[in-house]
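In order of appearance the chains are A, B, C and D, and numbering begins at 1 in each one.
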Amino acid sequence: MIIQIQKNATEQEVKKISASVQSMGYSFNNIKTQFARYLICIGKKEIDLREIGFLSGVADVFKVSDAYKLTSTKWKVGKTAVDIGGGIRIGNGEFQIMAGPCSIESEEQIVSTIEHLKANGIKIMRGGVYKPRSSPYSFRGLGMDGLKLWYKLASESNIKIITEVMQVSQIEEMHDYVDIFQVGARNSQNFNLLDELGKVDKPILLKRGMSGTIEELLQSAEYVFSNGNEKIILCERGIRTYETSYRNTMDINAITILKDKSHLPVVADPSHGIGVRKYVDKIALASIMAGADGVIMEVHECPQKAFSDGQQTLDYGQSKDLIDKMGKARELVK
Amino acid sequence: MIIQIQKNATEQEVKKISASVQSMGYSFNNIKTQFARYLICIGKKEIDLREIGFLSGVADVFKVSDAYKLTSTKWKVGKTAVDIGGGIRIGNGEFQIMAGPCSIESEEQIVSTIEHLKANGIKIMRGGVYKPRSSPYSFRGLGMDGLKLWYKLASESNIKIITEVMQVSQIEEMHDYVDIFQVGARNSQNFNLLDELGKVDKPILLKRGMSGTIEELLQSAEYVFSNGNEKIILCERGIRTYETSYRNTMDINAITILKDKSHLPVVADPSHGIGVRKYVDKIALASIMAGADGVIMEVHECPQKAFSDGQQTLDYGQSKDLIDKMGKARELVK
Amino acid sequence: MIIQIQKNATEQEVKKISASVQSMGYSFNNIKTQFARYLICIGKKEIDLREIGFLSGVADVFKVSDAYKLTSTKWKVGKTAVDIGGGIRIGNGEFQIMAGPCSIESEEQIVSTIEHLKANGIKIMRGGVYKPRSSPYSFRGLGMDGLKLWYKLASESNIKIITEVMQVSQIEEMHDYVDIFQVGARNSQNFNLLDELGKVDKPILLKRGMSGTIEELLQSAEYVFSNGNEKIILCERGIRTYETSYRNTMDINAITILKDKSHLPVVADPSHGIGVRKYVDKIALASIMAGADGVIMEVHECPQKAFSDGQQTLDYGQSKDLIDKMGKARELVK
Amino acid sequence: MIIQIQKNATEQEVKKISASVQSMGYSFNNIKTQFARYLICIGKKEIDLREIGFLSGVADVFKVSDAYKLTSTKWKVGKTAVDIGGGIRIGNGEFQIMAGPCSIESEEQIVSTIEHLKANGIKIMRGGVYKPRSSPYSFRGLGMDGLKLWYKLASESNIKIITEVMQVSQIEEMHDYVDIFQVGARNSQNFNLLDELGKVDKPILLKRGMSGTIEELLQSAEYVFSNGNEKIILCERGIRTYETSYRNTMDINAITILKDKSHLPVVADPSHGIGVRKYVDKIALASIMAGADGVIMEVHECPQKAFSDGQQTLDYGQSKDLIDKMGKARELVK
C-alpha cells in the first residue's frame, strides 16, 4: 500500500497516519522525494483503504501488490517526464537521443562530437570517464580531469552530459560535472550505490543487469526512488543468452513491458545491445516502435581508432542517417 | 564451394566437373532444385576458383565458408521472393501478413476468418489441424477432415493457407490441401522431415527452434534447399531465456541478422514470441523495422473461447488496427 | 486423476467406471500398457476419490495434479526397474553403464569395443547408425547394414545395444536389431515418434531436449507411457546456456529432481554434457552422487580418429579408470 | 607475460627489467602481493622469454595468453592453499565446510550454531549482517552490532567467520571482525570493491555472478590478486537459465573447470544453487566429486522461522547427516 501525504500535512497528522497503519499490523517506510512524501506500507492483512483515505493529511492511497511500488503504473497511471535541465525532458511523449563515444579520449574528440550533435539537433552527449572493465589490466578511463574538461566544453554549448558512476565515493566528486548519472549493467544491483543516488538531485539512468529480470530492474529503480530521487530513466541494453551471432540479445520486448508496468521513461541502447555497427540502426528503429522514449548510442569520429574496440560504434555519417530515420519513426508512433 | 551448373549442361560435362572437384580432394553433393542444379563441394584445400570456372558446363562458382551454403548471401547476393501461387509473393520487397486462429475449430470460424482477412486485404490464412502439444492428453487438432474443408473454403475465396506438418507420413496426405507447409519450432531439427520437404514443390515456412541458434536455422533451411526445394521462408518466433515476464524472448535481432546472412525471406511471429495480446502490436511493428518480410499472427473471433488459451490472440478489431499500422510502418522501411 | 483397472476386470466394469467419470464432468483416456490398464481422467471439479475407489473393477485411484501423470511419483511411489532383457535391469537400485563410440564405424571397431566392455563388466554398448547432423553435408551413419552386423556381433557376446531412432519409419526396420531405442535431444518433442515408440515392446531411452525443461521431459515420457510402453529411461545430457567454456551445461540438478518427481530410471550422459574428455570422469561421478541409475559415455579405440570430432570421447584406458571409480562411487550412495 | 621478481631484487634491477619490457613494446603492471612481486606485461609481439629470464632480479617468467594471468594454472601449476588463520587452510587437498544461517538473527542463534558446528568438527561459520535484497523494503541485516557480537562469540570458540561485504566503506569497519570477506554474486563485477579487497590481508571468497562466465570470475579474482591479495577462494553458486523447477542451475561443470584453469581453491554453495532443502545434500556430494575444496551451506536451528524464507536451509539433523556423507565422499576423491 502506498499513502501519499498532503504537501501541507503537519507532523502530527503524519504520526497519526503512521500509527493507524501500524495498528493494522503493517510496517511502513517513510519516504521523502524531491516532489512528494509517501508512506510505503508492507503487510499481508486485507485492509479497507477508505479507513486510511479518510485520515487527515492523506493525499492519496493505493494498493500495489507488485514487489516494486512507487515505480509502478499501479501507483502512477500517467507517464513521468524526467527533467534534465535547460528545458530538456525525456518521457511522457518527449524523445531524446544521447550520443557520443564509449570513452572520452581527448579535447579534440569532445569538440568534434559536440559539433556533430549540434548539427543534428541532439542535446545529450554520452561518454565514459570511469570504465568498468572485465580485466584489471585494461584502460579504465580519463577520470575526473577528463570529466571536468568535458563538462566545461559541453555546458558552453548547451549540451547535457551523461556518464557512468561506479561507486559511492565518486558521487560527490562527480556531482557538479554531470547532468545524468548512469548506472551500468554490472552495478544494476549495487544497492549501496542505488541508495546514495537516491539522495542526489540529478537524473539517474539505470541499466538493466546483464541477466537482470524486468522486475529486478524496477526494484532497483525503487531503491533510488524510495531514497528520495524520482528522476529515474530505465535502460534496456541487451541480455545474456545462448546465441552467439551478436553481442547481446537486445530485449525489445522488455521496452514494451517496462513502458506498460512503469511510468518511468525507457531508453534503448542498441550499441551495447546487438553490438554490431551495421545492425544498430534497425535495432534502434525497432526500439522506437516498441515504445522507447530515447536511444543512447555510440558515435565516434573514427570508430576503428576508438579505445574500446568500437565494433558497435557508428561514424558521423551513419549517425546522421540514423537520426533522420528515428525522426520519421517517431512520427509514426506519436 | 558452390558450383552452379548451366541449365543446358550435358551429363558428360557434369561428370567432368565432378571429376575435377574430386581430383582436388573435395567431396561433393549433387543437388537439383526446382530452379537450378548445383554441386556443393566440401573440402579443406585452397583452390583456385578459376580452374573450376573455366570448365565447360559451369554457370557460376563461389567460395562459401559458412556451414550453410545455398541459403547464404555469400552465394546469392540478391534477395529471394518466394512464390506462393496466385501472384502472391513474399520477400525481395514484397510483404505478406498471415493471420488466423491457433487451431482450426469449425466451419463457422473458417468463414468468419476469411471474411476478416478479405476485408483487410490479407491473402494468407494460418491455422493448425495437427497441433504439437506438450501433454498427450491435450486436444491435437481436427486433422485431415478439418484441413480439406478449410482448403476448399479458402481457395474459393482466393485465400492461401499455411498449416503445420508434423511428420513425414503427413506430407503426402496434406500436400494437395496446403499452400505453405509450416515446420514448427519443435521440429526445427527433425532432419528427416526437412529432407522430405525438400522434395516437395510447395513453399516451406521454417520456424527457429525453441532455443535454436541462427546458424542452426540456416542449416535446417539448407536441408530443405539441398534436397531440391528453394522455396523457403524463415521464421523468428522467440527463444527461451531466463526472463519470465513474457512467454518467449522474441529475438528481433535475429530478424536483422537473418536478413543479412541469407537471401531468404524472414517472417516474424509476435503472437508466439512475446505471447501477450496487448503487446503483440508493438512487437509486430518492431519486427518490420528490423527487416521482416512478413508477420504471422493469431486472430480469433473470440480469443477468450479459443481452444488454445488464446492469451496471445488478437480479436478482429485489434487485428484491423495492427494491419493499418503495419502498412504505415512498411512505408517507412521501403 | 489416475484410475488403475484390475487385471481381471470385465469390459462391463470398465464401461461403468468410464461412465461414472464422465458423469462427474471429466474426460478420460483409456490406456493399456504391457503391465496394466489405466484411465487418465482430466477435469477440474473436486471429486471424492472414494466414490471411484468403491467401484467394481478399480484396482487403485490417485489424484495427480502434475501435467505428467503415469510417470509421476505421485502415482507410483516405488522406483521402476526397466528390464532390458537377459537379466539386465536399470533403476530401483540397479546401475548400468552404456559405453561405445559416437557412430558405429566398422566391424573391427565393434569387435574391439565389445572386448573392452566385456573386460570391464559392461553389459550395454552404445553407438549411432543414424546420426542427426546440423549440416546436410555431414556423414549420417552406416544405416541398417551397420546395425545388423553390430547386433549380430553384440548378441553373440551377450551385449545389449542402444542406438538412436530418428523417425517413425525406422522403428519397424530397426526393431529386431535393437535392445534399447534412443530418442535424441532434437527429437525430444517429436510427438509422433513418441506415440509410435509407445506401441513398441522395447525400452526407450529419452533424452532431454537441448533446452527442454524437466517438466517437458516428463511429459514426453508420458507420451510413450500413455501409448502403452512403460519401459522408459530418462536421460540428462546438458542444456544450452550462455556459458561457453564447455559444450553444454550438464544439469546435475535435473538428475536429482527427476529422481524425486518420477519413478523412472535416470541416466547421465557426461560425454555430450560437458563435452570435454578430461572432464568427463568428474561429471560422471558427480551424476552418480546426484542419483543417476546409469551413465552413457563415449569410448573409442582411438578418439582422435573418430568420425565425430571425438573431443568428448574416452580412450580405453580412461574408460577403464572411470568404470573403477564409478564402482566405488556407487558403493557410497547405495 | 608474467615476470616474478626475486625476493631480494634491488629497485635498480626492477627498473632495468621494466625498461627491457617496455623496449619490447609491452606495457606492464607492477604488482606486489603479500607473498611476492610481479610484473604483468601486456603486449602482442612475440618475445623470446629467455631474453627476460636471464635478466638479474628475475625469479621466473611465463607466457600466459588467458585474459586472467596470476590466477591461471598456466602461471602457477601447483594448487594454492588459502590460510584462514588458526591453522585452518582450504585448497591443495584441504577441505572445509562453512555452515550457518543466511542472516545472523540473535545471540541465542549464534550460540546454538557454534555448538552445532563444534559438535560436528566444522571450523568456519557463515552468516550475513549486511544483506543484499532485491527490494528496498526488505530486512537488510543486523549490521556492525551483530557482527561484533558474532565475532566475539565465534573467536572465543575458535570458530572462524565468513560474511558478506557490500561496499568499499564497509571494509574498514568490518575488517577486525571478519576472518573471510565474502563478495556476493551481485557484486562479482563491482571492480572498485575488488580493487580495495586486494589491499586487505584477509582471505576473500568471491562468488560467481548470477550469470557470470567462468572467465569473468577468474578476471574478477585477478582484480583482487593484482591489487596485492593472493588469498582468494572462488565460489560456484548457480547460474540463471530458463529452467524453473529449482532456484538456480548449480553449475557443477564450473567447479571442475575452475579447478583445472586456476590454482585457487573452489567452494560450492548448494544452498543458493539448487535452493531446495531436500536436494542440497545430493548437490553438495556431487560438487565434491567435481573437485570442490569446500562447501558453504545454510543451517538454521529452525529453518521455517528463518528471516529469509529458508527453503534451502538445512536443520541441524540434516546438516549432521550431510557432514557425515561429505566426509565419506572426500575419502573417495583424495
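The definition used in the following text is that a contact is a pair of C-beta atoms (placed from the backbone, for glycine too) under 8 Å apart; a residue touches a chain by one contact, two chains touch by 3 or more.
Everything numeric here is computed off the predicted structure, so don't read it as measured data.
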Matching the CA atoms of chain C with those of chain D requires turning by an angle in degrees, to the nearest 5, of 180
Is the C-beta contact count larger for A-C or for A-D? A-D
How many angstrom between the C-alpha centroids of chain B and chain A? 39
How big is the gap, in whole Å, between where the Cα atoms of chain A centre and where those of chain C centre? 50
Rounded to the nearest Å, the gap between Cα centres of chain A and chain D is 33
Residues of chain C touching at least two other chains: 211, 215, 240-242, 244
In the complex with chain D, residue positions of chain B that touch it: 211, 240-242, 244
Which residues of chain D touch chain C in their complex? 211, 213-215, 239, 241-246, 249-254, 256-257, 260-261, 273-274, 278-279, 282-283, 285-291, 325, 328-329, 332-333
Under the touch definition given earlier, write down the residues of chain C that touch chain B in their complex. 29, 40, 42, 67-69, 132-137, 166-169, 186-187, 189-193, 195, 209-211, 215-216, 219-220, 222-223, 226-227, 240
